[in-house]
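Shared between the two complexes below is chain A, which pairs with chain B and chain C, respectively.
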Partner chain A sequence: MRWAAAGAGGVVLLCWPLLVPPYFVFLTSLIVVNAIVAIGLNLLSGYTNQLSFGHAGFFAVGAYVAAVLTLRAPALPVVATLALAGLATALVGLALGIPCLRLEGLYLAMATLAFGFVVVEAILNLDWLTRGNDGLAVPAARLGPLALGSDAAKYYLVLGVGALMVAAAVNIARTRTGRALLAIRESEIAAQASGVHLAAYKTLAFAVSAFYTGVAGGLFAFVVGFISPDAFDVFLSVDFVAMIIVGGLGSIPGSIVGAAVITLLYDWLAAFQNYRPLLFGLILIGCMLFMPGGIASRMAKWTHQAQ
Partner chain B sequence: MLGVEDLSISFGGLTALSGLSFEVAEREIFALIGPNGAGKSTVFNVVTGLSRPSAGRVRFRGEDLLVLAPHRIARRGIARTFQNTEVFRQLTALDNVLIGRHAQLRGGLLRGALGLPFVWREEAAARAAARALLDRVGLVGAAGVEAGSLPLGAQKRLEIARALAAAPRLLLLDEPAGGLNPTETQTLMELIRGLRDAEGLTVVVVEHDMELVMGISDRVLVLNYGREISSGSPREIAADPAVIEAYLGSEEA
Partner chain C sequence: MRTLLTVLALLALLGAPPAGAQTPGVTDAEILLGGSNSFSGPLAFTGEQITKFGVDLYFRVVNDAGGIHGRKLRTVYYDDGYKPQEAVANTRKLVEQDKVFALIAPQGSPPVVATLGYVEEQRVPMLFPYQSSPVTRGKKWVFQGMTVSDRSSRMMVDYLAGQRKIKRFAAIYQDDEYGKSFLAAFEKDLGRHRLKLLAAESVKRGVSDVSAQIAKLQAAKPEVLFLVLVPGPAAQALKERQKIGWKDVLMVSTGPLTDERYLALAGDAAEGVEGLSLWPDPVTSDLPGVKRYREHMTKYFPKNEPNRYSVAGYFAGMLFTEAAQRAGRALTRAALVAALESTKGFESGILPPLTIGPDHETQKQGFWVRVEKGRFKQLTDWLRSE
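Up next, the complex of A and B:
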């Protein structure tokens, strides 16, 4: 039953560009991109209890690395471009994570918030590379002889990479590393007494989280085809946090659902230009009040009751 | 096996331990007793690296523990439970025990992410071992239950299972009988004896329940205000006027 549902879902996802108009294909790509970020952020904040309000910064690093690589090294296959974007962002994550080891809660939130501003400033200052405020037009990703220019082609790229990253995250969450991260969230002293190296795992969480977000940033650059610093402001970081709160802290499926809900909500609220922040805020508050564990824990309760 | 020498530590102006020395032999069951606030838990915190003493030495099988980080001390074979329980509350009992096994497992980030067959084999074996440990402390029925929702006595036993999952040589139990009823305490005593007799574990236990202390300990050390006031066999301790004095003088006992 479960496998049948998953199989049917998989077939629908594969045929999606044939079933819906291009705009929805684009929107679905955005959902998957955001889901990758939400998973990365959840590994850091939901699993390890290290709050970040700076993930738009990691997202920007990944997007710009991918864009610049595609412009300067057009022959590079997109898989390598994305891997490099992820690795470069992971390095930035390490550079941020290590000094942040001493910080907790609000202080960590402030430091990551500041990091987000620093990245935008850096993009503006490196204008010989990034063209500053003018932004960068991102050429189509290349996979051997193929140029992934259409919405459908981009969608398949995003879907393929997304599926791999979801599978990897599920595996991480279910094995030793994921448990160590959760242990740190639950009790740092008991985690240490169980042999978990606190500093190493907290830093690892930063690096992995940044890797996910960097790869997603690279995908984002290809999906939208144009990036500029104003796309990566602090509100984007807040949106990412909203995704994991709405979806469920410490849940991989929750991250995906949260990303879908927030992305669609944004798209839908575009019709209410002026009221957008107001409605968005109200919906968020409602979610936190009535679904404190996020959609994931609500769904878990339902399936539990159904059994 | 465990040697504590001239240990002193203070918090602010308060001296929690001063000049404490004792030696625990291999396969010994050693009890630390004394009124509340005597410094018993502080001894555990120093041995496991959570608190740094102002003076003194702690050696484990010849190695200086005071230079090691807490997770390294755990990997040397010292596992503990906590007086006020430190279970991973939102995780299942089974996951709690699996985390106890952390240092025994090899699957890291990349191998885990790739889901290599080696990792799944290791995980399956770890799960089986964790269930066996839950069974041993009478919690196998609660494997899937969130640890935070278990009654206090069950959380105490879960912590023992988690500590045992690390396959330690030295087990530090901080008031393991707290929250247990007399029957459960009896079972606990048998468990502790079994760990020593069948597996050769060394156990240091902090406990207020005198029946347990007198029933299982080879030697007892009595602390008061951070100093040793008496030590010896349970029988010697029970007859020591200084001990009777300390206990009658405190509200707790």
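Up next, the complex of A and C:
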């Protein structure tokens, strides 16, 4: 039964560009991109309890690495470009993760917040490479002779990479690493007493989270086709946090649902951006009061009651 | 595996949008236009004035007079907060979901540049973007709004170096497309007069402290300092000059900067400053078009003060209406473009008679102003940029 449902879902996802207008294909691509970030952030915040308000910074690093690589080395296949974007971002994550080991709670949030600003400043100051405020037009991704220019082609790229990332995340969560991260969330002292190397695992969580966000940033650059520092402000980081809170901390399906809810909300509210922070605030407060586990835990409860 | 690949390839091929027979955004009863603009972020005031109090003001006048060939005009706007990626999403939403007939008065170089490729590919007219970089040139479906930087520069340099015989120039510019396109144009035009820029200092966007730059520029001893900035830092530059007592220099503002907001921010430090103005004074001008604009503003939006942004939007609405009238009842996107391209000597009562050529530029002129007692006083007639 579950397999049949999953199969049907898979078929719908594969045929999606045939079923809906191109704008929805574009929107779905954005949802998948955001879902990859949400999963990455969840590995850090939901599993390991390390709050980050700087993921827009990682996202920007990934986007710019992918864009610059595509412009300077057009022959590189998109898979390699994305992998390099992810690795470069993971290195940045490592560099940020090590000094952040000593920080907790509010102080960690502040450090990551500052990181987001530093990335934007760095992009502005590296204008020989990034064209500063003017932004970069990103050419279509290439897979050998194939240029992935249409919405459908971009969608399949995003979907393929997204599926890999989800599978990897599920595996990470199930292994010793995932359990170690969860143990850190529940109690650092208890985890340490059970032989979990705190520093190593926290740094690993930062790097893996950055890798996910970097890959998503690269995909974002291809999907939208234009990036500039204005895109990666602190509100984007807040949006990412909102996604995992609404979806469910420490849940991979929750990350995907949260990303979809927030992305669609953005789309519906395009005409009144001024009210967006207000509405987001209300949603977050509502979630914390009435569904502290996010949509994912609420759904789990329902299915449990139904059985 | 192979079948899967074949299916995927087929799906990718079929992803291209089918061509529709009917013109999007045009029904028997109405014409739908739209735009992505700033309603939040640094240019929120400008964005709101251009669209909701400018374009829409003129459209209300048209609708109350019966519309265009019996069709009423309706607009839909989305907020991009000056962020290019949101402008891309909004523009796609407007074209693919709302199915607008044309895009009207988007604002800012980065958001406009980010969407240019898409509108050309989709063959959607982009009407009168409010930005000054020449990147919109040579696009079949784009009609530039504001006077572009190279024309502004030509008028400014020819007037100052030609008529006023000034020899020593320097510039302070914003470090982005807006600033750099002006800088390149200044260098070229000064070259024609066998002059060059003595010094040029850049300011990062969003930075308001310009004291270091002003000190360096003072050392170069220019007679004229071009201000290629946005209102905040430009006002700061004027105040800084007043503070350090730098008197023997004429501060000159570019077209996009010469506005009331910049004056208000600078206060008495703005006295005596000169500049190129792209629009007649919205409050004091007695040109017939500007008078009508003020009457309409008092009638429909009595609480909104007249300003040059709503004048720009009002003019954009007027230009669209004029072309759509001539395009006839069978309105298509191609017919609109053809009508705009054949605009000859159009009298708006706001700008000089307008002829749009193959360059698709709808504003090519400006005139010289000096700030006296907190208002812009006109010093010259319309200057020529050709």
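Please note the rule applied: the second predicted complex is superposed on the first by the 303 of 307 C-alpha atoms of A that agree within 3 Å, B and C clash if a C-alpha of one lies under 4 Å from a C-alpha of the other, contacts with A are read in each partner's own complex, and residues count from 1 in each chain.
To be clear about the criterion, a contact is a pair of C-beta atoms (placed from the backbone, for glycine too) under 8 Å apart; a residue touches a chain by one contact, two chains touch by 3 or more.
Since this is a predicted model, take the numbers as computed values, not measurements.
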| item | value |
| --- | --- |
| Most chain A residues touched (candidates chain B, chain C) | C |
| Touched partner set for A:Gly195, first chain B, second chain C, both or neither | first |
| First, second, both or neither for A:Gly135, with chain B first and chain C second | second |
| First (chain B), second (chain C), both or neither touched by A:Phe226 | second |
| Touching partner for A:Pro21 - first (chain B), second (chain C), both, neither | second |
| Contacts of A:Glu186 with chain B and chain C, given as first, second, both or neither | first |
| Chain B and chain C contact sites that coincide on chain A, given as residue numbers | none |
| Contact set on chain B toward chain A in their complex | 48-50, 69-71, 74-75, 79-80, 82, 86-91, 95, 98-100, 102-103, 105, 107-109, 112-115, 119, 123, 162-163, 166 |
| Residues of chain C that touch chain A when the two form their complex | 7-8, 11-12, 14-17, 39-40, 76-79, 81-86, 88-90, 92-93, 96-97, 109-110, 113-114, 117-118, 175-177, 180, 204-205 |
| Of chain A, residues touching chain C in the complex | 14-15, 17-18, 21-23, 25-26, 30, 124, 127, 132-135, 137, 150-153, 155-156, 220, 224-228, 230-231, 233, 267, 270-274 |
| Interfacial residue positions of chain A with respect to chain B in the complex | 167-169, 171-172, 174-180, 182-183, 186-187, 189-198, 204, 208, 250 |
